[in-house]
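Next, two complexes with chain A in common: one pairs it with chain B, the other with chain C.
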Partner chain A sequence: MNAPSAIVLAAKDFKSDTKPVWCPGCGDFGVLTSLARALADLSLRSEEVVLVSGIGCSSRLPAYTTCYGFHGVHGRALPLATGLKIARPDLTVIALGGDGDGYSIGGNHFLHACRRNVDLTYIVMDNHVYGMTKGQASPTTEPDWDNPLTPGGIGVRPFQPLVIALASGANFVARAFSGNIVGSAEIIAEAIRTPGFAFVEILSPCVTYRPEQRQWKELVRPAPVGATDDPARAARRILTDDGFNLGVLYCGSRKPYQPQTVREKKTLEDVAREFRL
Partner chain B sequence: MRNAPPDRMLLTGNHAVAWAARLARPKVLPVYPITPQTPILEKLSEFEAKGELDAEVITPESEHSVMAASIAASLAGARVFTATASQGLLLMHELLHYASGARAPIVVANVNRTVASPWGFWPDETDSLAQRDAGWIQFYCESAQDCLDTVIAAFRIAESVLVPAMVNLDAFYVSHALEPVSVPGQELVDAFLPPYSPPHRIDPQNPESWGNVVSQEMYCRHRRDLGEAMARVFEVALETEREWSRLTGRSSPIIERYRCEGARTVIVAMGSLCGTARDAVDALREGAEAVGLLKVRLFRPLPVEALRAALAGVAEILVLDRNYSPGYGGVLHQELRGALYGIADPPKIHGRLAGVGGVNVSAERIAELVREAAAGEARRESVWVEG
Partner chain C sequence: MMTAARPTLSSVSIAITGSGGSGVMTAGEILLEAAALAGFYGLMGRTSGPQIRGGEAAALLRLSDAPVEGYGDGFDLLIAVDWAGLERFAAEIPLAAQSLIAGDSSLGEPPQSMAAPGARRFDLPLKAIAKTIPAGRPNMVALGFAAALLGLADGALEAAARRSFAAESDRLAPSVAAIAAGRLAAAAVEGPWKLPLATPRFGERWLLTGNEAAGFGALKGGVRFVAGYPITPATEMLEWMSPAIAEIGGTLMQAEDELAAINMAIGASYGGVPALAATSGPGFSLMTESLGLAVAAEVPVVVVDVMRSGPSTGIPTKSEQADLNIALYGLHGDAPHIVVAPNSVADCLLTTEWAVKLAEALQVPAVVLCDQLMGQTRMVVERPPETTFAGERRFASANGEAYRRYALTPSGVSPMAIPGMPGLMYTADGLEHSERGTPSSQAKDHAAQLDKRQNKIESVDFGPHWAMIEGEGEIAVLTWGSCTAPAREAIARAKSLGLAVKLVSLRLMSPAPRERLAAALAGTRRVLVVEQTHSGQFARYLRAEHAFDAELRSLSRPGPLPLRPGDILDALMRWSRR
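== the complex of A and B ==
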């Protein structure tokens, strides 16, 4: 991440004037607020942060911030973010999107981004559904969830993103809940601070197509133990919990992938000069 | 007959496609959602769940994988259908070439939608026209009825020549607009479209292989074979249309001439623009202006001979393109200029980029474009039309 800047911005300064088109009650509102708070807590500035997304409801998030945004194509946020971070290691690069985007069409990229361990933060707003296309089963959907595209349920075992991230080499693995603004902000800030590939799974209810997810707020709880640096232990904990333990579950010390050439850090005045006509 | 459909139903273009696919009895349906196509696959899944369609629905993780699954299922001898749109079709691109090379007669419905970037959800045919060299038969539909008739015909034509077929319908104007549609009975469609029985298939009892590394000469011969199969499409499509017309009373020619008798100007268009252009022609004819419409329903293979015959002797041609190939212009405009090259007494060909990105083009605007074109010189490049 960038070194803290002298001018401190408040969380509201990271939110843009664009009104989100999310449904009322969508968990993604909470994620937006937590992210803004985390960026403010880290004393970052909008022009030092780039948010890269794919396609889906949650991938609209970059437009609702004052940071640089890159609304990419479906499933490809991570390769875009990787290219950007390698070209501009001085920027704080955060990839984000949903479970449909990141684990289905983008699943392959998820594995290799974890392996490569570039200094990125990847936030997945998981609601176990394709919301933008109006409610089909995603890779994290329960196998018996009835929906129009696969009536009676998709019948396929759900994807296990946190253990897959561990097995693939992610340096930081955490679970958060969109309804817990302060807790999620702390986790996001820690993910950004941690060198290497940091993966934050945020349970973010879709109240439109999965109204039963409103109950998540009663089910979530802080993980009973703190983060471990042993991936096998972390994997065992994740595989045996019920999916609602929140917190940093694994934090390793693997050396991040570093490009050979590192550019000098630019000031806002440098950037403004480049854009001057 | 169980669950026999009523003859007339009120259907969107998407659901007309789903009904046609159901009646064609596909055995494998790989599905991946994308706006504005998803209602096609949801309706087919509903038919399957209710026991009205005996097919295997599978949910691969991307459109690329949908096409991979489609190719293998087709080569195993199963009739395969799927649907996509825009970015989904672009993601399939690599495997569209593979499918035609492997001679897998898959039928895909593509809902024409703008491609990124920037993002949009509007009707624009650039997505499928960008696949024109992929070796697929391509149809463009004007209405929900056109969609139903074309999907069923596409299976028969594709399986006759062993070339995959893409049936295109414009986003929202066709995909989501409700229209009364004549839905044929299952017995009629069964008589028209026999079960798929390819001459070659993946069969452990009779081993064959696909996709091998070949010599330059074999590769070249393979391409020529594909071209010869494409060339047979015209004859097969004509015979298919005659049979469909005999069974249903509806005719869907590869190109349709509408009020072209004695026309001085002929509008040439594809997809939903044809419906609006018909209104423009009717209005102009009422004012005693000799204007007709030529609807291009089959775009690949391009019916060059039919186009030359249909447009011989016409003074002015106005091509409307709801697509854009940067650096050259409207795809239909430029293809038509090539198709009519060297024709005796050549018509002036005016190309208009009308409706790109979903910009609405009214019948009144088309009538104005006809008059403006007749009053001016034809330019080599396509000309932008503001909405």
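== the complex of A and C ==
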């Protein structure tokens, strides 16, 4: 994370004038507002923050901010963010996207980003559906959810992203709800502040293809206990809750990944010496 | 890089073969280094089966008192440390009547397929000799035997062995003893394989592989971030770069796959750090979607594809030039990008450095098509000359106006903002976009950005490096990559037979240098197109992208067999007589 700036920006200063493509009532509006608020609360400067995304409704978010952004290909936000952060450790780098982007096509990168524990924040706006392609089952969709591509339901067990993140070595695991702007902003700010790979799963309803998710606002609640630093305990809590407990669920103290650095730099001529006969 | 062209090369070709793990590569590398230290030129290529241990392996050397850049037509000496799997090399190690096959009859007999008519057979009891030396190994006996036949001095061989075993000093004394015993065993053999006296060398000479040369070229070009996933035969490039880039203040990341590797490189480059990914065919296939992203988002990035035989897993350890099509045409949509190819081990340095400069200056991905033959061949070369390439990334500066990342400029190149720069924030996007970078699905924006991206690479002056051109003649060989060395040698031999042939080796494949190639071939009546693919990919590319007044004929062969000088010479002579 960067040093706080002298010029204090308000949450609105982090929002651009580009009109989102999202449907009215989409949860992602709330996530955008929470993120802007978190960046303002951390007194970050928009030119020192980079939002990296893949493809999907939620991946359109970077252009709706005044930060630097990279809207890349489907599923590859995490490696792109990783390369950027390693090359430019001075920047605050936040990867974000949806459940299809992060858990299906990008699933392998999710595992390895958790393992690698680079100082990144990863926000997944999870609505249990592929919205941009008009309503197919995602890795977090219930197996019996009827849809045109897999009539009668996809018949496959949903993915457990928070437990997978824990098992893979993420240093910070939290669940938030898009309708709770203040709570989500606090969690995002804490994720950014925490060194290492911080994973924030945000329940973000798709009111177009999953209108029943409007009920989520009645189902969510703060987790009954605070964060633990014991991954086994956190995993047990997550596996046994109903998926609606909100808050920071795990916060560890793993050292972030740092590539080896060399104190005394060599010149190219020094390097070429090994070729000489 | 060729100097002092001679009508024919007086060279000795040696194959040292054995099962994987028997030490043939170590023996070959010491022999090459000893010859180099003694003042000779030479090269050593590697060929092996897919096994790590126990399969078949061969070190293929060619030594001379003049520079050699490719294999000859056949091998003068075959030294078998054992006979395991040797028959699988029958086609890769052609022998002639004058050749000598030396090996241990206590371990068996040479396979029928290797026995060239009249080739001499010499029983070299490697195992028995090695047993007389505590910790002595048959590969070192074979090395001493080969060195004696070549007339290599003791001092050079010992110096090379000392360098090779620097990290394992306990292996040096037994190796030196085994080498001496091998020398003694050679006393019974008479042959014509003695290298001539080496001319004293004054200039600085280097000993390196194409993979190392490409890695060094990338660093010279300014690359300070590398990402990769292990893949034969590109792994050595990554392994060479890993400590080297750290020493000069950069980073190499091992990615979870090639999809990640290319995106890590794009991310680093977006952050202002010149970046590269190295891979081979299967990994390159995985990278193509994101190369399209780099085209659309205009992010400089370099990918080195060390080609191996394909499709699919193909023959991972052996060379081919058949990734030309995917490198040129493998990106979806209209996605103009740079494709360049080095034409020798030393040229891997220049071409990769050039690729970095082009990518940076034009904000576009550049693909470097190297191959296993160049990548894994270790060669003695003159120190490559310093070359200055024009081309730096153009950075934006805030002027109070709304920043247009993809502004339509006369050159097509738009000044690039880098995160951290205030007042220039934008979102790089693979979606089609307006000049500001905001997503657009309007026809006018698509047309404008397609034109911009095409114009910026087609209107630039690529300078003199687009091809290497040598000689004059009504007939020309038009080739690329590792086919260049045998073509050059064939042309030298044709000259001695009274036939003048021009050589054009294309370094810039995309954008196609149409006018320059047409000018280079003006007055040429016949063009022999030489490449190592099954379907004639290069010939098809030439017919599709270029216009020829001359008659074209294709000489194309798939890997793993290299095009040999004799093959090209035959084709030239047959055609010229018609």
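The rule is simple: the second predicted complex is superposed on the first by the 258 of 277 C-alpha atoms of A that agree within 3 Å, B and C clash if a C-alpha of one lies under 4 Å from a C-alpha of the other, contacts with A are read in each partner's own complex, and residues count from 1 in each chain.
As a convention for this text, a residue touches a chain if its C-beta (ideal position, glycine included) is under 8 Å from a C-beta of that chain, and two chains touch if they have at least 3 such contacts.
As the structure is a prediction and not an experimental result, all values here were calculated from the model.
Applying the stated contact rule after C-alpha superposition, one finds that A:125 touches neither chain B nor chain C. In the superposed pair of complexes, A:73 makes contact with chain B and with chain C alike.
When the two structures are aligned on the shared chain, A:139 is found in touch with chain B, with no touch to chain C. In the superposition on chain A, contact of A:104 is made with chain B only, not with chain C.
In the superposition on chain A, A:238 makes contact with neither chain B nor chain C. Of the two partner chains placed by superposition, A:174 touches none, neither chain B nor chain C. Of the two partner chains, neither chain B nor chain C is touched by A:162. A simple residue count on chain A separates chain B from chain C, and the partner touching more is C. Looking at chain A, you'll find residues 71, 73, 75 touch chain B in one structure and chain C in the other. Only residues 55, 71, 73-75, 104-105, 107, 130, 132-134, 136-137, 139, 148-152, 154, 156 of chain A touch chain B when the two sit together in their complex. Across the complex, chain A is touched by residues 31-35, 38, 41-42, 45-46, 48-49, 57, 59, 61-63, 87, 91, 116-117, 119 of chain B. Within the complex, the chain A residues that touch chain C are 18, 45-48, 50-52, 60, 62-63, 66-73, 75-76, 78-88, 90-91, 108-109, 111-112, 259-262, 265-268, 270-272, 275-277.
By the touch criterion stated above, chain C contacts chain A in their complex at residues 36-37, 204-208, 212, 216, 219-220, 224-225, 227, 244, 246-249, 251-253, 255-257, 259-261, 263-273, 275, 289-290, 292-293, 297, 380, 383, 417, 419-431, 437-439.
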